[in-house]
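Labels run A, B, C and D following the written order; every chain starts at residue 1.
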């Protein structure tokens, strides 16, 4: 990055299975007010541009862009919607600052999944209408097929996948914002009813409602306003083929390519050494393992054993999803990537409470847009401008 | 001072509604040719990208990797190999399917991509990666030019490999 | 375009080519159902409508009263201060005579959608609703109108608890 | 830090048609492939991809950006879709610009697509769900309501007649007769034809409205230093601007699009334009409805409030006039596949400023053009200013 960009403010509301007391506008407004107080900015005066992420069919509204400005303080300001994950929105915000024409840019993402009564039908409508959709299969079948191929090629076992669930939902017990903390044993996971083999019910993250707002700033503004900026050292995003027919199934190639882009920007040559902790997508238990390997944080087939051995636990050598991940916090639709970034920022600031890791200075956040996409993004964050030499 | 936020449980309201989306999709030139061959001749066609030495099945108009237009149509299958399989227990509306449906990724002989389709005529416990299968077409009078013109993939007969 | 380009891609079809199957096609319908949480501001707005009252909301900082209500002021970003019951009387800011339904069916008697700036809002703020009880050719911008409510027992807490706005003489 | 300058170096588009046979992916591929061919590039030269497409309901695919990604050349590349309603197509100017100006990409492929005919039986019904689901949708509004309400307010506020407005439809549909991709080019259309056309939602009549369409447009944007190697006539992005007003459209003055003015001022400031009426030589404002071209010219500060009709009547905005407006034929003439319609206007400026617009070429040597789109609930303005001169 020629000109460093930092996250100087974070705000969130939720995360709970249902939020009946607030409309989506009030849910987002609460997160935005917290983010602006945290950053020390007034949105009506100090913010140059706003990026929001959403998908029409998740909101139940065509052109949802219409309904985003007011609750983030963006009315009559430059505001635009990216239909992607929150990390795509973060990339859009960072690029605007890097042009040199914007000093402070806000990113917003949210989920009101509890308001969606027919989510599997909506997800199925993302599949190819001619080649795939007429088969009328539940989209979880696509995850089942990917899990089958990944475990075949990596040697990962169901017990290793179950260990991810146990770890993340236990981590969530120490995250007051998490919706699905629990103290489970691997057997509980393995005996839960099969959904799309080899996936069992407890290996599938439940959805939660919530909103997350981040405030980004250029170096000068960050230096002035923030005691502990979280510098974005690198960001990357990539898509593999959207078609089921010609995509890579065992390897998360989108995560490999997004990570390569982010590592190049961050000057990271050996991620397994230089990344101290990470928040990665765990929409399904096997995805955390597949993504760890794709991110180069361990080699193919090693993520499962490392998890069972406790290496990725909070006290392990490579803490993964200390927040609880989607399995523990709850899956937040387009805001999922921002939930990953949120935890990395809190850790880098030393504000993660009972989840706080020790001396950390470089963390990674990674997201995936879920079935049936092959779209992912990666951000590398540090609390030191240059990132301490390991 | 802000609005009095104290709501009581019985104040909570939600508005019920739906998004009316009714669609009709045309197949495009490549889809037209692929599904006509399925419908009229029970043949499965792919297109080959010479530059990338890659055969897409079903056949496509363009190569996603090099953007060349694809005009080299070749027949593939009908037999192939299971590359992934899942036993799907839930229907689209989340209710339990009894019996469950087997979905599979099948690499047809001659193809470099897989087809996503149903797997039948085999017990879930026997449906494994590597199983040799073949496309089971519906009778010609029941074929309409749809992915469902293939009823599903079946294990190859005992003597065929 | 650039003179160098001879022909442009894109083939158009007639409705008959598709419907008669000379070109293949497949139909589908999205099942997308929702229960949208009304929350604080719109929750109380709907309660008000059920009680035969149109609720606005007031921002003291900006000294403005607007409708429909919202929990925050989009101009100064402060929380709104108080709900304000408004008179169900207002001025037609603009209107249309629409001869086509939402799903593009032709109708002989036009619907008359309008933006009605309600008394008690400042600066004038409106809601979208329908006009009725008037010949289409006599509707004009600036005319005063009053809400015609469904009977109390038929009201459910919805914008449709108001049937339409009809012409209203002052006093 | 001096800003990294960005230029448009290539463009391509499909015909705009009522019912395309091609799938949305294939429409995107045709346009993207033509844009790359037009400047001698291949996918290997492309660093990132920007997709623009409006409601998923039209193409009938959820998360449509993902479905379109292979057709947009994004296999194995960074790609994201921006979506600001009708403003999307011209917003691709700013979207592609910040990808390149940030320093992250040297070359981006920018692709806009819409296939409205996949919404069956009629695309207009998809617009029911743009209205607030609780406070407006129960009234079963037709999309035309909001345009007719705005048009009526505009006419009433400034005393503008239907005849004044019909001139725009005539001008644009005649201009479109010279556009090889146009759906409704009509050299012989008259004001009477427009005034006698079927009343849909008074004051909106059938020939006041652009058609439902399918189509795709693509441009290639490159950084300074790279652009000059790709083409000897790069067209520079001199200014970008966008602005989104409050969702509470019934609390706003519909007679004047303040959000368009704010977006225009942002772009003028970046481009160093102080007297737009002199310094903008070609204008492609968004014309989904004929009155909208006038409404937007005023928001763009290119005509006094309520005075745009006079410019049209005097022929100032004709193709041979002092300030040609919609020489392409606009949405009214070429067609309105929403996001692709907006990017068609940016592509038109690219061809005009290179003298490559063929039968549509405006006379003289224009140096700077402005494309603008509008969208959402009378609510978003997006502006892209292109010019032959490299920004200072």
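A few remarks follow.
Throughout what follows, a residue touches a chain if its C-beta (ideal position, glycine included) is under 8 Å from a C-beta of that chain, and two chains touch if they have at least 3 such contacts.
For clarity, every value in this text was computed on a predicted model and none was experimentally measured.
In this structure, the chain pairs C-D and A-C differ in their number of contacting C-beta pairs, and the larger number is found at C-D. Centroids of chain C and chain D (each the mean of its C-alpha atoms) stand 26 Å apart. With centres taken as mean Cα positions, chain D sits 37 Å from chain B. Note on chain placement: the centre of chain B and the centre of chain C lie 42 Å apart, centres being C-alpha means. Under the contact definition stated at the top, the residues of chain B that touch 2 or more other chains are 7, 12, 14-15, 17-27, 29, 31-32, 35, 64, 93, 146. Among the residues of chain D, those touching two or more other chains are numbered 19-23, 57, 60, 62, 70, 75-76, 120-121, 125-129, 133-134, 246, 248.
Along chain A, residues 20-21, 57, 60-62, 69-70, 75, 115, 118, 121-122, 125, 129-130, 134, 241, 243 each make contact with two or more other chains. Taken chain by chain, the contacts link every pair, so each chain touches all the others. Listed in rising order, the residues of chain D touching chain A in the complex are 1, 3-4, 23, 54-57, 60-70, 74-85, 91, 94-95, 97-99, 101-104, 126-127, 129-130, 132-133, 241-248, 258-259, 262-263, 266, 270, 375-377, 379-380. Within the complex formed with chain D, the residues of chain B that make contact are 15, 17, 19-32, 61-62, 64-67, 69.
Only residues 1-3, 5, 7-15, 18, 23, 27-28, 30, 34, 36, 38, 42, 45-46, 66-68, 70, 74, 93-104, 110, 113-115, 125-130, 141, 158-160 of chain C touch chain D when the two sit together in their complex.
Against chain C, in their complex, chain D makes its touches with residues 13-22, 27, 30, 34, 38, 60, 62, 120-122, 124-125, 127-128, 131, 133-136, 138-142, 144-145, 148-150, 152-153, 156, 179-181, 199-204, 214-215, 246, 248, 250-251, 254, 351, 356-358.
On chain A, the positions that touch chain C within their shared complex are 19-27, 29, 33, 42-44, 57, 60, 69-71, 73, 75, 112, 114-118, 121-122, 125, 129-130, 133-134.
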